[in-house]
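Chain nomenclature is as follows: A, B, C and D, assigned in order of appearance, with residue numbering initiated at 1 for each chain independently.
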Amino acid sequence: MTLTDRQQLSYIASQAADARLNVELETEGMTLNIGPQHPATHGTLRIICRLDGEQVVWAEPVAGYMHRGYEKLTEVRTFPQVTTLVNRIDWLGSFANEVPFILAAEKLMEIEAPPRAQVIRTILFELSRIANVSLFLGDLGVQMGAITPVFLAFRDREYILNLIEGATGGRFHPNFDRIGGLKDDLPKGWIEETRGAVKKLEQFCDTIDDLLFGNEIFQSRMRGIGIIPADIAKDYGLSGANARASGIDWDLRRDQDIPLSYDLADWKVWTHPDGDSWARCWIRLQETRESCKIVTQLLDQIPAGPVMTKVPRIIKVPEGEAWVSTENPLGEMGYYVVSKGGLGPFRVKIRSASFNNISIVPWALKGVYVPDVITILASLYFILGDIDR
Amino acid sequence: MGLVDKGRLPAPLTKLFNMSRSYSLWVYQWGLACCAIEMGAAFGSPRYDVMRLGVIPLPASPRQADFVCVSGTVTDKMAPAVKRLWEQMPEPKYAISMGSCANCGGPYWDSYSVTKGVDQIIPIDVYVPGCPPRPEALLEGIVLLQQRIKNEDMAAKWRGDEFTTLQRTRAMEAGEVDRDGELINEPTEPTPEMAQAADSVQPEPIVVGGGPIE
Amino acid sequence: MAPLSDDTTTQDAPGADAPAALPGDGLREGIIDNLRSHIGDAIVDTKITPNDDLWIRVSTEAWLSTGQALKDAGFTYFCFLSGLDWMPSPYGTSEEDPDDEPKEPDTEIVQGYTGGETRFQVFARLADLDRHVGVTIKADVPDDRLVMESWSHLFAGANWHERECHEMYGIGFDNHPDLRNMYLPGDFEGYPLRKDFPLLARMVKPWPGIVDVEPMPAEDEAEAPVEEKGDES
Amino acid sequence: MLAQLAAEFPDFWPEWSIPYWLMSILRVVGGLVAVLLPAGGIVYLFLFKMMSFMQSRLGPMEAGPYGSMQLLAEVGKWMQKEDLAPENADLRIYRMAPLIVLLSTFLLIVVVPFGPQAWFTNFETGIFYALAVGSVSVLGILIAGWSSANKYSLLGGLRAGGQLIAYELPMVLATLGVVIQAESMNLNRIIEVQNTGEIFGIGWFGNPFIITQFVGFLIFMIAVQAELTQAPFDMPIAESELVSGYMTEYSGFRFLIFFIAEFATAGVFSFIAAALFLGGWGVPFEWFGWDNLGDVAWWMNFVGPVIMFTKMFALVGVIMWVRFSYPRFREDQLQTFAWKVLIPLALANTAVTAILKVVL
């Protein structure tokens, strides 16, 4: 992969920072810690960085301020109870957290949701992605100092929350998935309303495109900052838009066989060669547009039929282990479910996307200005519940 | 303010101070978990706009904040940070605990790393139940807080003992005092044991949509 | 990129276990043979679900060399690394009814896929993004000395995962750069994810048991496995 | 109507003679009003109402009809706040910092004329004094940043120092063009030249320098945006990085003084910009048949301030509009923009004005 000159520049900057670290610092560096409560971090992430003037020489994020011990709690709960717990991990697109867990349980029980349930699951999955990423696009402005875009984001996000609430009852912790299908069917008139709302979201993407992405100051702040080449991204396990921005053409919705109906719609996986902050945000914008396309296409292909397969009332999942991961709004989220035939799982390993996405921060923040720390963190886009589980 | 401490502030001036304190509430956003998004929807979205109630979400540092909205799960590692930031806020300060995680630990009641309720750390004025509570519930919580501030007695707030506030809220329920604190009929002398009993008790926290916690 | 498997039958057709006739999954056998050529007999046990997933268990000493061999074979994407504790929890799985007499908890350690001898196991997952295939590697952690070799020099991402595994299970990783606590405060004693770590809140106030569902009308009556006291939902 | 009345009874309206002590009281009261009224008006009108309407919200509605009493509530509340100071802060200068910033606003307003006789001081070197005094607020900000013993404030203070100095140069050079064209540094004289001159013979519109000095006007407004540390240039109070820059440790009444000073400075700089580029308190003298400052009617002393305020609110509207919609520069981009773009442009503008001055 040919390194663009911007990538060389960023290498040189980080090497310079390294060199400075080894050489005896004549100016006594200042240790600044951003967080744990800081307007920029989405919640309680604390970053300790040693500065030389305005340049960060060494940075280390301290996680754990939102650690609620999910994996221990799942061991003392039954399967339906775990879904209530689990959709609070990535609290912005929270329907998307339940799906991989339910699919893993269904794989263990070797049952499959009826086609209607699969299509509705995919639609709700994409709607929660739109809700998640639309707030990201609005919040990007606040990180850079422009106050207005976040209000647009919240205003248009309300349409999607109304839809999810209409279908599932909860604004954004729906708990709508059951092993073997969905809790119940879509309400009447929901499909037309969804079409209207998704059209509004496409307009929102266009306004953000020229209001924020078209702004020269925004571009000058984002382009060429925090460049992550593909091999280092794979080494750290970056996933989702962060990986695709470094040129890795990999999208779990297309590249693996899971019983969600992504093959019914035709949509495109966007990648970007640069791997800088601008690429990551730009790809998320295009992905929101793709999600809108997927939802509009799938809305016409909802097959008739039941929403739930024949499943005993109290579910005992047979013994075995299963791994299912899906393309969540933040990246690849996977569940490794070990069941010993009881009512609840024996062990659930939750592989959340932001944990790996943030593990690259010590590498990415070396030799960077203080304002760029905020830019890179904003473009990596993490949710605290996802990091700390 | 000497006048305030000794409680000899004239009533109309107290009313004016209370009004100004309730209409210009600068809030410090303490977004922790999912409730932070609902708080953001309440503070920062055109649909549930909180600025029209006079709550201004501008300040970025606790020094300029009047009330803090603790929204989300408070873990044991986060508790000292919550405590320190509460102490950094200048004195007439209030706190809203939003969401069942902040109220009592919520769905993580049996977790090994979650503080069961933020009121173990800071005194809370209004509890907003829900997981996450809808933005309207938070707005109702703020309106209830504003009402409490309007009927508040400055002297008690500054002297820190909640005797007169508790007495007034009880009196209001008993119908002796109308909403603005003026006595409807003959004032009852506060007996010493009433004062002593009141000193030991925290003010009745308001719970949005429910009676005070038994 | 055409979806991976050419045959269209979804692999977990209800009820059908992998019939012998189903064509073996060439890709995964190839991976195992390639790995065997590198580390030979260190592969203790493997399990394939055709066109779905692949588990390989290696001996404890070959943990680092397996990682290296797989990385060279194209598995460059580091997914995750964590631990497993196979001892059933002495406090029961809180599914029983609190009113019944507490039956003695079974302490018989039964490992999951690809077996194992010790109580603790370390498992990791790597993926090859071009061939869209992932592999889960397991290794036993010797009971007497809970230490494994660290992958952090092989995959930079493993650094944080190993720190989390260390604080949750107490499994050490030698030549790991800094094995501090990832999530828990410094002075936290005990390893939470071990099965013998009690959840105190549950000790004080037991969960009202699994008795949560009142019996469905007649046709479910036969299926309900055990009589339940529908005291409160 | 008034004009005929004045003509018939010349002696009824005596020559404008007010005892000296009354004039000085009027000047002091006028100074206070000229600084605090715009501050209050801007905070309410733009920060609360315009920002909310730009974000399709209502803004404060509870305090008084349409939230008009919100300012009273704000001042009332800030007075009741506890007077905190960080533990190892340098108390004496910590308390002095906000007053210095407010002081520089009052020093600036002194030079702005509001009418033929309605001015506070009539320096011959008015604009020169204004620009010199304008940099006093930098001291206040640096002191605030240093004395509050907090890393964020220190970073914020140093950034503010660098930025304000970097943007004073373009402002000075922009006013240089105006001074060359008006051939005087006295603001009243500049206003007179603007309202009497004409461009290539078209006289009825007067010659506000915004037309001939448009580049100078743009540079001046950008420099004002930076002097006020507002949005595209709000590195010193970058919420997302430095919590709230040099104001982090201030609370209670001191923060209110900083808050008022910030908006009062916006008002005062807009007054100066209106005086320099938009014809100040005057309307083109052609309309009333005056041809120089001397015979401007006495009632202009009352109408002048109203015109000045409308022009000020127009300019502040533009400043605030930019503030609420632009993301923020990075520190080094901000400096390069000042040194490598604005200053050369301002120098070119001065050169062109000088050449045209000689040629025409």
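Here is the rule we use: a residue touches a chain if its C-beta (ideal position, glycine included) is under 8 Å from a C-beta of that chain, and two chains touch if they have at least 3 such contacts.
All values reported here derive from a predicted model rather than from experimental measurement.
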| item | value |
| --- | --- |
| Chain pair with the higher count of C-beta pairs in contact (A-B, A-C) | A-C |
| Central chain of the complex, centres being mean CA coordinates | A |
| Inter-centroid spacing, subunit C versus subunit A (mean Cα positions, whole Å) | 23 |
| Subunit A and subunit B, separation of their C-alpha mean positions in angstrom | 35 |
| Separation of mean Cα positions, subunit D and subunit B [Å, integer] | 40 |
| Chain centre separation in whole Å, for subunit D relative to subunit C (CA means) | 67 |
| Where subunit D touches two or more other chains, by residue | 55-57, 239, 243 |
| Subunit B, residues touching no fewer than two other chains | 46, 60, 77, 110-113 |
| Multi-chain contact sites of subunit A, meaning residues that touch two or more partners | 39, 64, 67, 69, 72, 76, 151, 155 |
| Each pair of chains that touches, named by its two labels | A-B, A-C, A-D, B-C, B-D |
| Complex interface listing, subunit D residues touching subunit A | 51, 54-57, 151-152, 155, 231-232, 234-235, 238-241, 243, 324-333 |
| Residues of subunit C touching subunit B in the complex | 183-185, 192, 197, 199-202, 207 |
| Touching residues on subunit C, where the partner in the complex is subunit A | 1, 3-5, 10-15, 51, 53, 55, 76-80, 82, 84-85, 88-89, 93-95, 110, 112-113, 123, 125, 129, 132, 134, 136, 155-157, 159-161, 168, 181-185, 192-193, 195, 197, 199, 202, 207, 210, 213, 216, 220, 223-225 |
| Interface residues, subunit A side, partner subunit C - complex | 63-64, 67, 69, 71-72, 75-76, 78, 107, 110-112, 231-232, 234-237, 248-250, 254-257, 259, 263, 312-314, 316, 319-323, 325, 332, 334, 336, 338, 340, 342-344, 347, 349, 351, 355-356, 359-360, 363, 388 |
| Partner subunit B, residues of subunit A touching it in the complex | 36-37, 39, 42-44, 64-69, 72-73, 76, 84-85, 88, 91-92, 94, 135, 150-151, 154-155, 157-158, 171-173, 384-385 |
